[in-house]
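Labels A, B, C and D are assigned to the chains in the order they are written; within every chain, residues are numbered from 1.
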């Protein structure tokens, strides 16, 4: 049974095989415009919706193909490996939602050096590593909207806490900074931010952190969770601890995941931008850039099909609209969509 | 030895009491009923899993696949609940137990019959099971509102003031204790781990026993997989990622000897309790969550070092007997 | 049955015992790995037109070069009968330290030296605790696995170190002649050093002796505890080197870097033919296994298979690689027994 | 009670049992018959296959060929529980114990007793254990943890374990090795009671006085083969010796005439916490110093301490007149002292490694190029030299040591040390478990060593060997040296008396 072969023979065979295929494979490259959407992690409802939007854009774009990919855990390393393999596949454009703005720069630069268009959406890559960044909304709008929602639910008064994703999450950290700015305004002087905790986008950790918040701050009135994992875990914690009506959860969440919590009363309002539109726009824009129909340079605009056009500002970022607020009245309708 | 073990457990209990005292000084709310209720509920799953992990360690093995088993079982029952929201809780539990058992049996066959070291087998199955979670779910999440109300409600439903998850844990622990202290098979595990050669001389068959150990681990992991998913009301690929190390840590803190043959249910429970208290206390006493990992690492190391004295074999006793009783039969 | 006879005349050996042994081994496990590697490369070629491209192949070495370094030192540790689960956490801690130094304007050469020094210190800590308190390596390194990464979390929290000197990036991102990454060259060089160390020096021989029978090794005057300390320190040093390369390649340091690598590293060593209970294993074997995993994940990446599927393949390969020889041997024994029984019966 | 016909039929009968390990034949078609109410002494040298036979009867090994009959019916014994079911119980030569568990648990492990509900009957087991121990007139507490017992006490627990089974066949494999004279008499009483109950007893011992005192029949193995059987009443001690070794005894011990030189190793007042105390002796150049004692008397522990393997709390060691460092084996080896341990397989050789690698293990560094890189040629040369010098029987030096017979393994261990050119060699039970041929080779070799000017410490439980080879004998008992005799005063009775503590007791009474 034992395999008996010589190193030498094998090596020779390998080289031969390699050489024969090498010539053939070099010629066999497609002419399609292949756009790769690299998301933070697979299996995330938000990105699944963005994927749907991307596919919609592809249908509208002749000769375009979409590769939807991402790591299974939201890490930069996973994304680096994936982008490396996309470079090897010589795709035309890569659209990234980054797990880490800085760590992706070297590999993104490498991709651009090999002639691949790189842009980011949702969570941005640092400017050196992309043509432009498509924000789902403006950070200041997102920050403000979440404080507004909390203020409205609480009647403008009470202790609030933030339960975020990982401590490194780029966009969450920017929004938290924006929220703090808004809280400094006189209109919100009675809202007291007592804590910021991190649930690492894991349900159990987020859940435990939420309960920790209840214990530490008996007078806590609201938790703002600017992440879809955090907001569901917080709402679950509120329900389990029988704090419905006493502590409210708000933040960013998907209607499909939040409908139940809205009806239970743990959540009064929450917001999110439309991930389908976001995915559509990002994919469309990438196609425009890859086919040289747009430059993506600062202060330029890009035509993006049914979403009309987006304008890129001086810092190389573009923004879609302000987040959309959901409550009892409309959540069920959108829950069927995303 | 038994006295020493007792002493060790008493010391651990004292440390836990001291710890609780310190935490309460900083944040009195820690001792509130609500907080304690959370700790007990949180500790339930870790206690059960640490207990079965102890079975593996007792027999000189380790099971690194426990958390992947929990994730896979949890995901499968969650998907089933999504497809059939009205499925009875009893049936769900039966399915979870069955699937967990099957996964554990795979480990068992490879370890007991094919004779691959447990660490290798469970390292491999850990990867495979975790990958399968992704395969069966397509990477998607199963969210609270997609699962049946009974499915989610059961673990946190209350009976006499405690959640049913706690009652289940109590039952599992009781069975585990009875098994190890009062059932022949269970007691034999100590012999098997303490001295495998001697165990063979007294007719203890390691094949059957190892198969049994890993099957039991799988069974309980399956149950805990369901409880975990239902308690946190969500199922996704990374459920309980890294949890296997917590179960090992609980055993180590509880004085279970990694060399096999040594460890008690009580110690194991105290180890689990210790970890749960620390994890729950950190947010309350305002220690940055960033300290959590370093603290648990430090605690494990401290426990290992403190236990090291007990684990070291002493020399044979040759001298003392000379002083005590010169010759046994001298009087006759 | 046997009585004392003067021994038969000794026949001169045509080959050195080392070569004979190496060849014997090659006939078993390494050859199988070469076959697996060739099959994987063949499948990759069939599955993706982009696989057999020199540029891509060299790029792909970056998938495994850093892990490969860890596999080398893990091989020594497993051969001595221990295990080190803290390597990935040492990377996080070392990376954090390197980032901290860079932030304070330390020059590239000192970043490299500093990183390796911190890694070495972490490894020495592991080895020190294991040897001083005579506790199993697996628990100690489970503890330091949390501790080292935990320290990195305490230091960095939600921050990242992202500012590094230009010249530092060359190490992890640069190539020789635009094709061969420095990382890969460093990996190959280290593999050669480890091969010589393990198979051609006194130290390597002593490690095998310890792994096969630590008690007998001790009775033979081998300072077993010193060696255990040495291999853990060495493992730390390799993790330090890997951290430096990783940091240079990625250009950013976060506490969660290299999470989960420890298990991949152990799996690679075991697939490379290192007996998990200690006492046997070869550097050529683990290098081949490193390539097998590297090519496998590169190939799956090319066809955009999610990384987690790789973990199914890894796990299955690991178990199958160990179980197959055992099952085959047992079947053969059973067959022989039956054959022996038949003619008489 | 038993009718004539039943007495004539053996309870247990082995026929044509064969067993080999790798290439080594341990049993080559042996027969054995045990009759109710009779004690059969199984005699044979170390390595003759007695213990292997015991392990086959108790299901620990499966025979390669041959048949086992219990009360006339052919049976298969797959494991110990099968053996128990057929009424076969053994007290094994080596103590097989669970150190962390209690005495009662050790006695009942494997057949823990259950109450009606299926749960363990702890109370009952504790009571039964105490009863059995009382029957043995032992003062061991049934609740004590095993690791608090002395070696002799552990042996008593082994015997208690055998008593806990209601067996028809009792096998005692060197049961008296660790027991004192009084305890041995106790054991005789038990055996006679078993006899009266109609049990069959297989008694394995080296000690002829025991065999003649207790046995009715004998069966003899030599080198794994069946030699013969008969009634004890029909033979003399000399007959048995001839049967066992196949030649006359005198040839076995080639004690050379060597002039004893100056003191080499001086030990005074050596002691540690648990194992030994007040150990003092001097070893001279060219001398063979014998150490005698019961199993567990502390001989091995003393030797390990000298070799740097055990802590020393008190006392002084001098090598060639200078204080000797002894922190680790390495330092001791550098002093020219080497140690051939008793447990060859675990501490002596590295089984999965080649003969050559084993032979050069302590030498690799000295042979290496620049002290670092392996020097295959030099190692091969050393390997060849010692293979020849010790007549190691092997196909090639690349063969794994695990494939060698016990005797040849022992030669590898000795060869390994000789290659370092030591001044003192400590041999701990150097002929335990090896065949007759290798045994005399080892003896011849010891003679050669002292002729070359080495000094030898020989620890042995075999009195004839020790008396045949030693210049002086030191007797140990319970961690102390109790007697020292010069060759002219050697007397088996005196030595055994001292080793079982009698001499010591008498001294105490006089004092």
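Throughout what follows, contacts are C-beta pairs under 8 Å (C-beta built on N, C-alpha and C of every residue); 3 or more make two chains touch, one makes a residue touch a chain.
A quick note: this is a predicted structure, and the numbers were derived from the prediction, not measured.
Shared contact partners of chain A and chain B, listed by label: C. The chain with its Cα centre farthest from the Cα centre of chain B is D. When the C-beta contacts at B-D and at C-D are tallied, the pair with the greater total is B-D.
The distance from the centre of chain C to the centre of chain D, with each centre set as the mean of the Cα atoms, comes to 43 Å.
Chain A and chain D have CA centres that are 72 Å apart. Each chain gets one centre point, the mean of its Cα atoms, and the points for chain A and chain C are 35 Å apart. Residue positions of chain A touching 2 or more other chains, listed in rising order: 42, 72-73, 167, 198. Taken residue by residue, chain B touches two or more other chains at 134, 139, 237, 290, whereas all remaining positions touch fewer.
Pairwise chain contacts present here: A-B, A-C, B-C, B-D, C-D [touch as defined]. The residues of chain B lying in touch with chain D in their complex are 1-2, 178, 181-184, 187-188, 190-191, 194-195, 197-205, 261-262, 313-322, 325-330, 332. Residues of chain B touching chain A in their complex: 27, 29-30, 32, 34-35, 38, 42, 134, 137-141, 143-145, 156, 228, 232-234, 236-241, 279-280, 282-284, 286, 289-290. Of all residues in chain B, those touching chain C in their complex are 62, 64, 110, 114-117, 119-121, 123-132, 134-135, 139, 237, 245, 248-249, 252, 258-259, 288, 290-298, 300-301, 304-305, 307-308, 311-312. Interface residues of chain C, counted against chain A in their complex, comprise 26-28, 30-32, 34-35, 38, 41-42, 45, 48-56, 59-60, 62-63, 157-158, 160, 162, 169, 172-173, 249-252, 254, 256-259, 297-298, 301-302, 304, 306-308, 328, 332.
Touching chain B in their complex are the following residues of chain D: 58-60, 79-84, 92, 96-102, 105, 109-112, 114, 118-120, 122, 137-139, 145, 147-153, 156, 161, 180, 182-183, 185-186, 272-277, 296-298, 301, 310, 478-480, 501, 505, 508.
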